[in-house]
Amino acid sequence: MLTVAAVAAVAAAVSSCAGASAPKSSAVGSSAVSQCNASNIRLVDSLRSLSNPYHAVWTSGSKAFVKSLGLPSSDYKLLLNEGDSAKQIAQVRTLLATGNDHCTAISVDPNENSDTEAIVTMVQKAGAYVTVYWNKNANLWPWNGYNHWVSFINFDGHISGYQIAKELFKSMGNKGNIVAIQGLLDNLTSQQRYLGLQKALKETPGVKMLGQQTGNWDRTQALTLMKTYLAKYPGEINGVWAANDNMALGALQALKGAGLAGKVPVVGIDAVPESLQDIKAGNVGYVATVASDAYWQGGAALQLSYQAMMGKLNVNTLPHAKRAFYASTILITKENIKKYALAPKPADYMNDWNNPFNRFVSAIAPGK
Amino acid sequence: MAEPTPQVPVQLGDSAALARRGTQQRKRWRETALVWMPLGVLVLLVGIVSTKNPSFLSLGSIQALTVEAAPLLFLALGQTLVIMIGGIDLSVATLASFASVLLALWLPSLGLAAVLAVLAITTTAGGIQGYVHAKTQVPSFVVTLSGMGIFGSLGLIVSGASTIAVTAKLGWIGWMTGMLGPIPRDPLVALVVVSVIAACLRWLPIGRYLLAIGNSELTALLSGVRAARVRVFAFAVSGLSAGLAATLLVSELQSGAPSLLNALLLPTIAAVVVGGTAITGGSGGLSRTVVGVLIISVLRVGIPVMGIDPSYEQLVYGAVIIAAVSLTIDRSKFAVLK
Amino acid sequence: MTVNVGVSAAPARSPWQGRAAEFARTRGSLIALIVLVVAFTAGNPRFVSLQNIHSIADAAAIVAVVAVGQTFVILMGAIDLSVEGVMSVSGVTISLLVANDRNSLDLGLLAIPVVLALGALIGFAAGVANTRLRIPSFMATLGFWAIGLGAATVLFGGSPPIIEQQSFLDIGLGHIFGFTKISYIALAVVLFAWVLQRYTRFGRYAYVIGGDESVARLSGINVDRYKILIFTFSGTMFALASILATSELGVGDANTGTGYLFTAITAVVIGGTLLSGGRGGIMQTLIGSLVIAVIVNGMILVGINPLAQQGIEGAIILLAVALTGWPLRRPLRVIK
Amino acid sequence: MSAAAQLEQTGILPEDAPVLRVEGVTKDFPGVRALDDVTLELRRHEVLGLVGENGAGKSTLLKVLAGVTPSDSGRIVVRGAPATYHNVAGAQRTGIGMVFQDQALIPNVTVAENIMLGAEGGAVRRGLYRWRELNRRAQVQLDKIKARVSPGALTESLSFAERQLVELAKVLGIEERIDAEPIVLLDEPTTVLEREEIETLFAQIERLRTCASVIFVSHRLDEVLGVSDRVYVMRDGKCVAELDPKTSDVHELHLIMVGRGLSESYYQEAEQREPEPAEPRLSVQGLTLPRHYENVSFDVLPGEVMGIAGVQGSGREDVCRTLFGALAQKSGQILLDGRPARLASPAEAVQAGIGYVPADRRSEGIIGQMSVAENMTLAHIWRVLRGLVIDRGAEDRLAREWIDRLAIKVPSHRAQAGNLSGGNQQKLSLAKWLVSDRLKVLVLDHPTRGLDVGAKAEVYALVRQLSDRGLAMVLLSDTLEETIALSHRIIVMKDGEIVDRLDAPASAKPTQVAVVEKMV
C-alpha cells in the first residue's frame, strides 16, 4: 500500500501524516451539486507537453481517475502549453470562457511561478475550482481570497535532493568526488533540490563536489556536459548527482561511452520508467531516484477540485495546512524497487485518490 | 492603380487600350484580394473553430482571445518594422523577458520611474543592436541571435535565476489590464500604441525611408537617406515594443521571470508573415500584422477547444501555418523567392 | 537578409582589399578557433588533453552534420528552420524501428536508411512548399518544424522507447582511437559534402542559385529542381544527425533536436558563409562547428558561471563574425 | 521539337529560306501592348538590325524569341518548323541564344562556370565536374572573341566590359552545342563597351555571319547601319518598316523610329551658353585616393558642364563617387561655393547640395515599388513637410509640376515607378534632384545609357536648361561624341591622373580623335 511506503520513506512525516489523514467529506453542499452532471462537467489538466514521460504518466493517471468517477472520457480536457506561459494562461482563459465554469475542475502544473496568480485569479472569477502543483510566487497563498483555489501541492525538493545525495554518498562509501547537474536555473524546484544536495554535502565531509553546471532538464545537454566533466576531471569523479532522471540518464550514457557505467554511481529524481529499470537491473550504477508519483498527481488534484466543485469539500473551512502542503515523495532504491518497477495500476491508487490528503507530509507555511 | 492618361491610348491604338483595361482590372482584383486575404483566413479559422465549439464565439471567449493577442501584438509591432527593412529580430522575446525582470525588481521602489527606465533600457538595447548591425555590417540575424543569448544571461543574473513577484506600486502598470466595460484593456492599450506607430509611419518621413530601404536600400542611400539611422530606429522600436510587452505581462502576472516571454519569438515572426508582410522586406504594414497576430492567437487558443487529441495539436498548427501563409503572402513582392 | 552590391555606385575594391576580405571571410573562423583554443588552454591546461579533445570532437560532430545540411540551403540564399522538427521525429522513429522495448519491428540497422528516407521526405515536402506553393523557405520550414515536433509527440506516446539494438547503440558508444564512431561518420559526411560542393552540379548550382537565381533560370537551369534537391538533402542530414544523437542517447527522445537549429546556423555563419547566399562552404562550416563546441566546452572547463554562459557565447559569436567580416565592410554595402 | 528533327529540316531548306520567321506575335503586359502582331524573318547568314525607341518592343521581341517570356499569340517558325519551346533551355536547344542587356552572369562563380552554365556537357562526367576540361572549353569560347579573360577568374572580379565579353562568349557556345547553325540575339551589346572592345565585337559579328544568323539591337543607329544587312524599325510594338542600310541613313532611320526628324541640333549645341566667369560652384583640389586616382584638381563654374573622358579604370568613376560621398578621399579637398564641404557619405553630399544620377537607374536611381511622387520627394522630403508631417497635397502638386516640366509619360503621379519606360525612369531619377532648389552640383553618371534617341534628345535638352539654371554638372558618358557635345570643358583622365584639359565651346568643339589619343 503506497501510503505505507510513503510513511516508511519519510519517517519525519509520520505523525503529521497520521494526524492529517482523510477528511470526513461532511462539508456543506454547494449550489453546484445539482446542476453538474456528466454532460456539463469538465475535468481539466493544464500541463507542458506530452513529449516528456513525466506529464505523459500524469495524464494517464488523470484519465484513470476520471474513469473511476464513472464519467465519460470526453469530460476530461487536456491543455498543453509547450512551455509557453502566455499560451498556458490564454488557454485557461479561453477554457473558462467556453463552458459551464461551475462544473469545471482544474489541475495545473504552471509553466512558471508567474503563471499561477493569473490562473487562480481567473478561476476565482469564473467560479471553477483549481488545484496547483509545483510553482507559485512565494507570497501567494490560496487562503488570501481564493476560495476556488483548493490547494497548492508541492514536493519538497530539499528532501528529494537530500535523499538521493545520501544514497549516492552511501554507495560511494561516503568519500570521494561528485559532480552535480542542475535543472533549469530559474526553476524553484531545481534550486530546492540543489540546496538538498548541499545540505547532504555539509553532513558528509568525506565527499567533495568538483563542479556544478546546468543541464536544463535536458538529456542531450546532460550527456555533453558529463563528457566535458569526464575530460575536466579524468579519473577523479566517483559519483554523479542529477536534478532529474532525464539528465541522470544522459550522464549515464556518457559514462557508458567512457566505459565507466557501473563504476560511477548515478542518482536522479522523478522515477521515470527507464531509471526504474536501471535501478532494478542494478548493473549500470543507477543508485536511486525519487517518485513524486505523477500518476497519483494526475488523479489527486482533479479529485480535490472535483470534490470542492461538487460541494463534498468546503474550501472555506479547510485548514491552511491542507491548502498549501508538501506531499510525500518516495525514495526508490534497490531495496524497494520491486514495488515500483511495473506500470501503475489504478486499483493501487483509489484510496490515495479518494483521500487526497493521505500523502500530506508537511504544511507549506508563509516565510518557510 | 492609376487611370490611363489621355495621350497613351491614342499612341497604342484601341485594341491595346482594351487589352490594358483587361489586364489592369485583373491586377486590381489581385491586389484587392491580397489586401483582404489575411482577414479572410482569420474569418475562416474562427468559423472552423466555432463550428467545432460554438461557445468560441461567446463574448468571454472573444475577450480571452484579444487579451492573449495583446502581448503578441506588441512584440509583432517591433518585428514588423524590422522585417519591413528586410532584417529580423530574434532577440525581441528574450529582451522582453529581461525587461519583465527589471520591471518587477524596480517597480516597488521606483514606481512610474521604473516603467520609464525599463522602456528606455529596452529601447536603447534594441537601438544598440541596430547600430552594431549597421556599423559592423553583420546580418541582423546574427546580431540579434547573440542579443538573444546576452539578454537571456542578463535576465538570469539580475533575477538571481528566479521569479520576481511585484509586491507594491502595481498601480503604475495595473491599469493596463482588467476590463473597460465589456472590452479588455490589454488589447486596447496595444491597439492604441500600434495606431500611434502606424500613424507615424503613414505621416512622417521615417515610414517612407523604411519602405525605401526595404525595397532598394542602394537607391535610398544614393538619395541621401541615412539608412544606418533608419535601421537603428527600426530596432529601437522593436526594443520599445519588447519593453511594452513586458510591462503588459508583468501587470497581468504581477511578477517577472527571466524566461517569461521567450516562447513568443516564433509566434511573433509567424504573425508578421501570416499578416502578409514579405519576409524579404519592402512591403506590408502594421494593419496586416494586427490581423496576423489574431490568426496566430486563434491557432494558439482555438485548437485546444476544438477537441482535437492534444498530441496532434503541433501537427495541426504547423500545417495550418503553411496553408495560411500560402494564402496570405503577396508573391509579386519578391523578385526571386528564397 | 539579402546582400546586393551596386554595380556602378559601390566602389570597386582594390585587389589587396579584395584579398584581405577574402582571407578574413575564409580564414577568419580558423583564426578565431585558434585564438579560442589558446585562451581556454591558458585558462585550464586540461583543455587540450586528449580526452577533452575527444569530447569536443563528439560535441562538434552532430552539430557539423546538421550544419552541413544547412550550409547548402544557406548557400543558395534560403534557410531551413525545420531542423528540430525533423530531428525529433527521426529520433523517435529510429528508436521504434530498431530493436526496442516498445514494439517488435526490429528492422535492425535497416532502420537507418528508412529514417534517412523519412528526413529526405520532409525536406522534399519543404522544398515543394517553397518552390511550388511559393512560400518563403523561412516560413515553409517553420511550418515543418512544428509538424515534425507534432509527429514526434504522437509517435513518442508518453515514454521514450528504449533501444536494445546493441549494434545501433555501438555507433554512439563504440570508440576508435578514443573518438566515437559518430565523429568519424561526421567527418565522412563533411568530406562527402565537400565533394558535392566542389565537383557536382548539386553543389555548384547551390552557389549559382545563391549568386543570382534569375540568371540561373535564364541560363536554362531547372532551379526549382535543384532547390527541392537541396532541401531534400538537408532534411536527410538532419535525420542522420538525429540518428547519431539517438544512438548516443540510447532512447527515442521527442526533444532530440532541441537547440540544434540555432547552434547549426551559428556554426555555418561563424564559418563565414553569408546568410545572403553564394559565399562560403563546407570546410568553413566544419570549422564553425568546432568553434561552437570549443566555446561551450571551454566555458565549462574554465568554470564560467552557468548563468553567464549563454551571454558570453553570444558575445563571442558576435565578436567573431564582426571581426571576420570587418574587411568586407564597404560604404553602400547592403546587409539585411 | 528535337534537335535531330531540326537537322532534317535544315537539310532540306533552300539556301535563301529564312532560318527564323516570326508570324503575328502579340504580347500584352499589364497596361501596355508590348508586341502588336509582329511579323519578320531572319535569313540565313545575315545580320538583321532591329531599331526603335525604348518601349517600341525590341527587347520584348528578343525575350520572346529567347524563350524568356511566352508570347500571347502568333507563332515562331525555326528552320521551317514551328518552335515549341517555352523556356530559355528549350530555345537554346533549338539553337537560339541571347546576350542580355542587363548582364546575365553569376558573380560568385568562375568565368568558365558562367560560360558553360547549364551546358556543362562533357565537362561533367558521371555527375562529377572535370575542371580542366571545363576551363578548356570555356577558353575556346573566349578565344573566339579574343577576350583576355582567364576562365578560372572569379566573375565578380572582372570589369563591366569584361563581363559583357564573357556574356558574348557564353552565347557563342551554342555553336558547338547544337548540330544546326545558331541564331544569336544581341540586345545592345555595345552599350558599355569601350572603343576597341566594340571593334572586336564587330569583327566577331562578321565572323558569325559565315556560320550563324544574328539579330542585332542597338540605340547607336550608325552602328546598326554599319553592321546589318537589313534593318527592321519597330514602333509601339509594331514592325513599321524594313530598310536597306546601304540606301538609308541615320536621319531617315530616326524619322521612322520616332515619327519626327532628327533635328540638326541633336545635342542642342546652339543652346550651349558659355558661363560668365564667376566663383566656381565646385572646386576640387588635389583629390587623391591611392590605387584609385592621384591629385585630381578642377573647377566647375555655375552653369558649366564638365565632361570627364577616360577608359575603364581611368579613375573617373571613382572621382565621381568621391564627389558624392560614396567613396572617401585620402587627401585633398572639395569646395562648394568656396566653402570646404565634408562629403563622408551620400547623405552629407545631398545636404551639401550635390545630386547623383546613377548609370544603373533600376537598382540605384528609382525605387520600383514606390510611386512616382514618393520617388521624387525621396531625396528632399523637406520640400513637402509641414512641420514634421508629410503634406500629401503639396507632394502631389510638386510631383504633377515636375511630371509636366519634364514631360514624363506616366498614367498618374501615384503610379508605381517600376512600370515606367527606361527614358521616363531616367527623367524621374533626374527630377528627384531637380525638385530641390538648394541643388548646386549634379553628377551625371552615364545619363543616357540604354536610352533611345528620342529620350536622349530630351535628356540633352534638360542638361542645357539646367546649366541655364546655374547648376554645375560633372558628366561621365558612354560615347565621346556625347561628352564633347554636351560639355563646356573636358578633362581627360588616364590611370587615375588628369592628362589633359580641353575647352569645348559650342563654336569650337574638339574632335573625338583629339580626345581619344590622350585617353589611350
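Labels for the chains are A, B, C and D, by order of writing; each one numbers its residues from 1.
The rule is short, and it goes like this: a residue touches a chain if its C-beta (ideal position, glycine included) is under 8 Å from a C-beta of that chain, and two chains touch if they have at least 3 such contacts.
Keep in mind that this is a model prediction, so the values were computed, not measured.
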Return the chain whose centre of C-alpha atoms lies at maximal distance from the corresponding centre of subunit D. A
Selected interface, B-C versus C-D, where C-beta contact pairs are more numerous: B-C
Round to the nearest whole Å and give the separation of the Cα centres of subunit C and subunit D. 43
How far is the middle of subunit B from the middle of subunit C, if each middle is the mean of its Cα atoms, in Å? 28
Quick one: subunit A and subunit B, Cα centre-to-centre, how many Å? 37
CA centroid of subunit B to CA centroid of subunit D, Å: 42
Multi-chain contact sites of subunit C, meaning residues that touch two or more partners: 4, 6, 9-10, 149, 153, 157, 307, 332
Note: subunit A residues in touch with at least two other chains are 50, 185
Please list all residues of subunit D that touch 2 or more other chains. 326, 345-346, 356, 358, 363-364
For this structure, enumerate the chain pairs that meet the touch criterion. A-B, A-C, B-C, B-D, C-D
Any idea which subunit B residues touch subunit A in the complex? 53, 55-56, 58, 60-65, 67-68, 71-72, 156, 159, 161-163, 165, 167, 249, 252-261, 263-264, 297, 300-302, 304-305, 310-311, 313-314
Which of the residues in subunit D come into contact with subunit B in the complex? 28-33, 36, 236-237, 324, 326, 345-347, 349-351, 356, 358, 363-370, 374, 377-379, 381, 385, 388-390, 409-412, 414-415, 432
Can you list the subunit B residues touching subunit C in their complex? 85-88, 132-133, 136-143, 145-154, 156-157, 161, 217-218, 221-222, 266, 269-270, 273, 278-281, 311-319, 321-322, 325-326, 329, 331, 334-338
Contact set on subunit B toward subunit D in their complex: 2-5, 7-8, 11-13, 15-16, 19-20, 23-24, 26-27, 203-205, 208, 211-212, 215-216, 218-226, 282-283, 333
Residues of subunit D defined as touching subunit C within the complex: 68, 87-92, 100, 104-109, 113, 117-120, 124, 127-129, 157, 160, 291-292, 317-318, 321, 325-328, 345-346, 356, 358-360, 363-364, 445-446
